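So that you can tell them apart, the chains are marked A, B and C in the order they are listed, and the count of residues begins at 1 in each.
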């Protein structure tokens, strides 16, 4: 087969270390995106004109820029213009947090806006305060609508961390390339098997998340 | 920022912009075809193809585009399949985008009420005629916002083709930064170039979405 | 009041309509009073100087063509809409023209057309939410009372169900329980059967009739004319933001104004050549 090298202990260990970096970047970015995203979403629903314009502009900029461009801007741009030398990993976390917070903010906004006006009315006539209405009635409903697309966002972030290798982060794809290089002469078919394995590794992380998102969504529409 | 340098580098970026546009356009067109076919196969539950389609969509959506690209460009030659950089880039976007487009089409097709199929059937249309004249036109309207969002997504994803040394916008910027350290100018041109391509598409998308929301 | 039944509707209201006084049942203290209430949406005056009072234990039915301002009147009364003129009094105390306190709001109950149960809570949690967090009742007391209310509307066995698993009629009965759990002084019903399938209308209206028999003060907007006739102590017809006629249940059989006659005719069907 020509793929035995992938089953050697050292290779597996190196891949797992790379995968650890991938997951570390993903998890830290997601964890940071949550508070910023929720804050952004709540601010989005405020009727302040100026705030709306600023948030919209930010969201649209992040949305139309390829993540790779953002990585370059933060990694190379911040060193030149701000004199800040971020490591590849820190730059990656900054970019994925900026992106994650923007996307999550929009999801939070949509979830809050999807709660019918009548839910507020019903709470009002029962005598609930604004705070009680938000915490007891609106938030629980918004959360169940928010969860499926948020889980999808996590999958997108995990997949996109593969781009970090292009700014020098040694994550799982970069480790894969190193393995291919190392076995170049002994296993000339290495690239085929290694990239297939990498795809499989990502699939094993992302596919269950996608299924979870679908399941959560199905539960909502029932 | 040195505007003289910006001016000097502009022609390079214009050439690269063409490459990005060419790859994206090819990829989007192919992804639309793949997506529509897959969606119809799934809607009609064509035996075998249905299961294959499900597997394909899941793989396309749950693996990174960069890995898909590397597999096509570095992996497939080991099986004797040699693709040029351009072909590889377009095939990659078609593979990736096909999965997303398929879901967009499918969601829209499923949303067409069954009564529409039944009405067409009662009028004596064949399944294919009903699809072409009744169901698909309605589904297209419904799918448009998602399709436009996928186009934006694919143009953005096309930036990964710089990873196989195809001279797109990303590659040119990387080249300038690596060789002459004119980082700010290169990044500025890079951001402007993507904004020029994607802001109009994104604006059209929002406009369609708004109109669609009012129509309901 | 609890001894009052539909059969003994006092006839005194028939003699009441002196000009616009909308006199409550004689000798009874008005629970709810609207004085010269005006509401505008932009250039449109939806309510134009409405005077209306509802006495303790009285059931007032508001009728009128679509868009005449009936629902707006209810929404202004509970404070969901700010009024542009006049005042709303509850037990003789002005509650309009300022931010209403939790206490003000919970003294009036309201049930909406689209039931609007909280979908994230079970049936019984819908009913106990406000008593526990607004009135500070213990979970145990609130649940006990909620169970009694649910039993009364025939839904004791659905206490732990999710609202989405209930039929429209059942959901609406839960919504009524949710409002009653706060022991409101007056209950406002806004077309509570308009969104229901015909076979579910009766089960909901039956509950409302029983509440009336128990002496609950109610202000009801409805399009169900036979129900209105059965339940009303007093009927108020609204058209284009004005009260055009008010009187006892005989409004339905013997309307006085042309507007009322024309309105009531829209509920009749005639097939030409068949009627005598």
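What we mean here is this: contacts are C-beta pairs under 8 Å (C-beta built on N, C-alpha and C of every residue); 3 or more make two chains touch, one makes a residue touch a chain.
The model shown is predicted, which means the values in this text are computed figures rather than measured ones.
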- Going by C-alpha centres, which chain is most central here? A
- Most distant chain from chain B by Cα centroid: C
- Query: Taking each chain's centre as the mean position of its Cα atoms, how many Å separate chain B from chain C?
  - Reply: 55
- The distance between the C-alpha centres of chain A and chain C, rounded to whole Å, is 50
- What whole-Å value do you get for the distance between chain A and chain B if each is reduced to the mean of its CA atoms? 20
- Would you tell me which residues of chain C are touching chain A in their complex? 78-80, 102-103, 105-106, 108-110, 112, 114, 116-121, 129-130, 133-134, 164, 178-179, 182
- Would you tell me which residues of chain A are touching chain B in their complex? 60, 63-69, 72-73, 76-77, 79-81, 155, 159-160, 162-163, 165-166, 173, 180, 188-189, 191-196, 198-199, 202-203, 206-207, 210
- Within the complex, which stretch of chain A touches chain C? 116, 118-119, 121-122, 124-129, 132, 136-137, 140-141, 144, 222
- Item | Sites on chain B touched by chain A in the complex | 58-59, 61-68, 70-71, 74-79, 152, 155-160, 162-163, 170, 173-174, 177, 183-184, 187, 190-191, 194-195, 198-199, 202
